[in-house]
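In the two complexes below, chain A is the common chain; its partner is chain B in one and chain C in the other.
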Partner chain A sequence: MTSVPLSPTDATLPKVTVRRQTASGRVALTLFVIALIALVAMPWWAKTGTIRMILELCCYIAVAQMWNMLAGYAGLVSVGQQAFMGAAGYAMFVLAQTFGVNPFLAIFLSLLVPAALAVPCYLLLHRLDGPYFAIGTWVVAEVFRLVASNMGWLNAGAGMSLNVMKDYSGFERNVAMSLLCALLILATIGGSYWFLRSRYGLALIAIRDNPVAAASQGVNVGRLRFMIYVAAAVGCGLAGAVYFMAQLRINPPSAFDPMWSNVAIFIVMVGGIASIEGVLIGTLIYFIADRWFGEYGASYFVVLGVMTVLVALYARTGIWGAISKRWDAPWFPISRHLILKAEDRA
Partner chain B sequence: MQWFDALVQGVLLGGMYAQYALGMALMFGVMRIVNVSHGDLVILLSLIGISLATSFGLGPFWVMAALVPLAVAMGWILQKVILNRVVGDDPLPSLIATFGLSLALQNLMLQIWSANSRSLPGGGIESRSVEVAGIYVGLLPVIVLVFATALTLCLDLMLKRTRFGRALRAAAADVEAAAMTGINPRAVYASATAIAVGILGFAAVFQSLRSTVAPADGGAQLVYAFEAVIIGGMGSVWGAFIGSMVLGISQAIGFRIDPGFGVLAGHLVFLLVLATRPQGLFGKS
Partner chain C sequence: MLDRGAGMDRDILLRATDVSKSFGAVRVLHGVSFDVHRGEVLGILGPNGAGKTTLFNMISGDIKPSGGDIRLGEQRLSGEPPFRRCQMGIGRTYQIPRPYSGMSTFENLLVASTFGGGKSEAESYAFCARVLQDCELADKANTRAGSLTLLDRKRLELARALASDPKLLLLDEIAGGLTEEESKQLVALVRRIRDRGVTIVWIEHVLHALMAVADRLLVLNFGEKIAEGDPQEVIANPEVKRVYMGIEA
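For the complex of A and B:
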């Protein structure tokens, strides 16, 4: 038996091209770039209140997308990503307030903390089986909260204020918040898209579909999961640092608020798991619902909870799943289509 | 003496945690799912019990007699309506469904009972104490520990000796092979969840007698149950029982060192076990 050469130059094989981008993808990419420019330009078209609202929206998108990467692709269901948001938030406050580092530089330096903490956390938690992993992440977030509540140099339960922001004018702060919003979206949404289109993305999609089969094809499942866990910790950390810089205050219950997990899970499940489009749709729904029904407090959360149950029972793929079943027009296409060259078909 | 006292208090506290952990160990062992609303169900049952006691003037014993059948029914309905649809190899649907349920239950309780802490009037039983070997221990925690031991023993005997227990273990080992031998897995699952939540009926009475309950407390109970199961080692009810004791002792000693350190000490022991013996103290590797 002779070996079959598989090089694309072989004349016996049909000439193909790999199509990655679609018309809908090009439109969406253009809109994405316009949205990023609009975010950067916010100080010139939006009031401070609007900028703060959009900043909150960007944080929801970022945290939800990080949860989506973990649960939707890597098979790591976490209910404790707030651990890394609080850790980065506190690191930023300590650097800027206690050590006098420029707060905007401190945001980036503070990302080292969630990255460093995520490594031992993953090494411990990956020993837990499926659903137990999720509760394990919750314990980690609780540990972080309790440690922060007991640490004197974090001002224990009373929390810290970011007084150094007084040195900047309102306009300067608006410019910084706008740039950070754009960066947050670029890093989490753009970064995820880039990652999913890469070699690693292909491996990640294989893991999503079947981890055992992926491993048998040579995908290093453990290493990829580890990478995603650390990356998600840094992404959530960036969202946390930006969010608490805008809040100007941090204390243990707000820094490690499980609300973030509730919201991320709601957004991703309702919008559509394992898709970037789903995160954007889910965030929009959550944000509008929060503005309209937030005043109803507890009963509003009862509805959110019941909706999450219903999605898990009857509509696992969420809204985007229903849309993409009917119309094949992805905003962030990541699949590869083989196209036969026309002259071969003739 | 102070540390011996902490040890005794820890074992008694462990009796409380064992009542949460047994049901969780049973459900995970049989279906490989974790019910995130486990703790919220304890709180819901406690609040129902307190309302029963105040509106009808029932004593703790009668509250328990009413709550346990109610809890069994709740577990059975939970399995039929939600869990049977999400049980499977993928852990995501069951986690998300019970997570949503937990969110809904917590806020529903907040609406009905407000955020106030309440407790069940025990008619003096909660403040009585007995002297054992030179230290005073509360009568109620001793009763809790006796109940926890009895429940563990009954569950263990049921799993080992009865026809239903064999069906349960068969379904846990290989659900398809069990189905081929004539076991209906859905029925077995429904009974397992009914038992798991039924045990929470006992836990609810004791929890609301020995301390206060508020709608937001469920998460902590879930975490304690989970830690006890992992510390003890999966797959055995006695593992969950011993794990509860280890967790209780860790917290009691932690509280003696510093009141802010108690719960954290329990978490740290859990992480230590995870780092050094991930299969649990009594688990098989």
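For the complex of A and C:
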């Protein structure tokens, strides 16, 4: 039996070009590179206090973007990403403090821990739907906290200090923190952008919009969700390792603090879910609100909560959603604009 | 052991044997068996609720049969997830369109072409543009799928299924709501797809569209096959006439 060619032959295919980049994207990419350089150069223009503040900002951006990939694209609403931040943070402290590994090397080695823990966690959680999945992730984070509180070699409830950092001068530590800030942004924002622009980004958006159709179009939905879950665990782990290295101290309540999930949800919902732009805008708003109102304590959390609910009710797509409806000028363009050559237009 | 599949005719692309489906206590399909021959257009008729879409869902793997066996060529489909069935060459449309509403029409096709059809992204560009032209969607290539009209969403269903370059194409009521002229164009398109060597199973209420292109017809009623064969003979069948009121008109 001969097989009939199924696809049109090359001769009948139209001439096409596909535009990926936009003017706004080029401007934003330039600014992004400048921002990365500015981060790396921080020891020469910023005081230690400023560097610490920016490091915290970078951690918020990183964690929020990881949550955005999970909830905004993969449909995995997690409220327990702090599990992986704390796990990597502890792994880094143990490697550097207990085993004497160079702390900067320890940061990278510590990422193996969230990666390895994410696999069984996902296998356990992925059968749970919607709210049950969310509750499951929270339970996992609480279990991690309880385990850390009871492990002698993690110094149990008292926590650990990173005394080995005293071997480095203040300037050396600033250089390290600055490089780590740049790396964190490059890995989480740059990495997400690279992924979303690839054909896997197409599949991820397809899953977000209609997982049933995506599967019937050849997308391995389960595997892609798994990959995102593990990647988000590693991304949050990197943020955790960097954050606690700057803190020089870690203990179970800080390592597995649900505040990180609350803040990530606030940032992504207010800034605009399923967009990198939204994460950057949301982080900025959170950070400013935190500086201005942080001193009012609990009432300020109420304000953040109310803002999140209002956005969820009246502006589902957040600030970036409202902006992009008006101006089609993405900072991180991922779409593919088809241009058919005139003579081939149908 | 010899079974029906082992000595299967090379001429048969899909064979369903004694397929049934129950949702809880409700039996929706009762032991339906049929063959789809390579290169043919098989039309499926039946009143609403007869189980036609459910049959497609079991071929594409969206739901599991309660009993029976479905084979594509020599291969059993049970246990294969939907994404792999698509990669094996089964493309389908949904009766209620399921577009990826946040992406453009063109990007909707790219998903099917790269993941289902196994083409590289670069290869897919011109191919998907061609499919868009075939399906009258070229001027909406860069329109967000979520803002398409219902008619264009139906076209998109067909275009996206074609973009995965299927061997077997399952069409679920794609002609509803078309004008006579549009449905003529659709019939011509389906014929061209068949002439390229794609085997087609088409569920359709718009009888004249189906009659214009189907090589054989199969009629389902309350989950049972009541007729199968030559289209003229099938619609002349008294039982078919009785259950399928539309035909008498």
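Here is the rule we go by: the second predicted complex is superposed on the first by the 326 of 346 C-alpha atoms of A that agree within 3 Å, B and C clash if a C-alpha of one lies under 4 Å from a C-alpha of the other, contacts with A are read in each partner's own complex, and residues count from 1 in each chain.
The criterion applied here is as follows: a contact is a pair of C-beta atoms (placed from the backbone, for glycine too) under 8 Å apart; a residue touches a chain by one contact, two chains touch by 3 or more.
Given the structure is predicted, the values throughout are model-derived calculations rather than measurements.
*Asks:* For A:Q217 in the superposed arrangement: first (chain B), second (chain C), both or neither?
*Replies:* In the superposition, A:Q217 touches chain C alone.
*Asks:* Quick check for you: in the superposed arrangement, does A:I205 touch first (chain B), second (chain C), both or neither?
*Replies:* In the superposition, A:I205 touches chain C alone.
*Asks:* After superposition on the shared chain, which partner residues are touched by A:L146: those of chain B (first), chain C (second), both, or neither?
*Replies:* First partner only, chain B.
*Asks:* With the two complexes superposed on chain A, say which partner A:V77 touches: chain B (first), chain C (second), both, or neither.
*Replies:* It touches chain B, and chain C stays clear.
*Asks:* Tell me, which parts of chain A touch chain B in their complex?
*Replies:* By the definition above, chain A touches chain B via 71, 75, 77, 79, 124-125, 127-132, 134-136, 138-139, 142-143, 146-147, 149-150, 258, 262, 265, 269, 273, 298-302, 304-313, 316.
*Asks:* Quick check on the complex: what are the chain B residues that touch chain A?
*Replies:* 28, 32-34, 36, 82, 85-86, 91-97, 99-108, 110-111, 219, 222-223, 226-227, 230, 234, 258, 260-261, 263-264, 267-268, 270-271, 274-275, 278
*Asks:* In the complex, go through chain C and note every residue touching chain A.
*Replies:* On the chain C side, the touching residues are 10, 39, 60-62, 81-83, 85-87, 92, 94, 98-104, 106-108, 110-112, 114-118, 121, 125-130, 132-133, 136, 138-139, 141-142, 160, 164-167, 196-198.
*Asks:* Taking the touch rule as given, give the residues of chain A at its contact with chain C in the complex, in rising order.
*Replies:* Residues in contact with chain C: 1, 3-8, 12-16, 18, 199, 202-203, 205-206, 208-210, 212-222, 274, 335-338, 340, 344-346.
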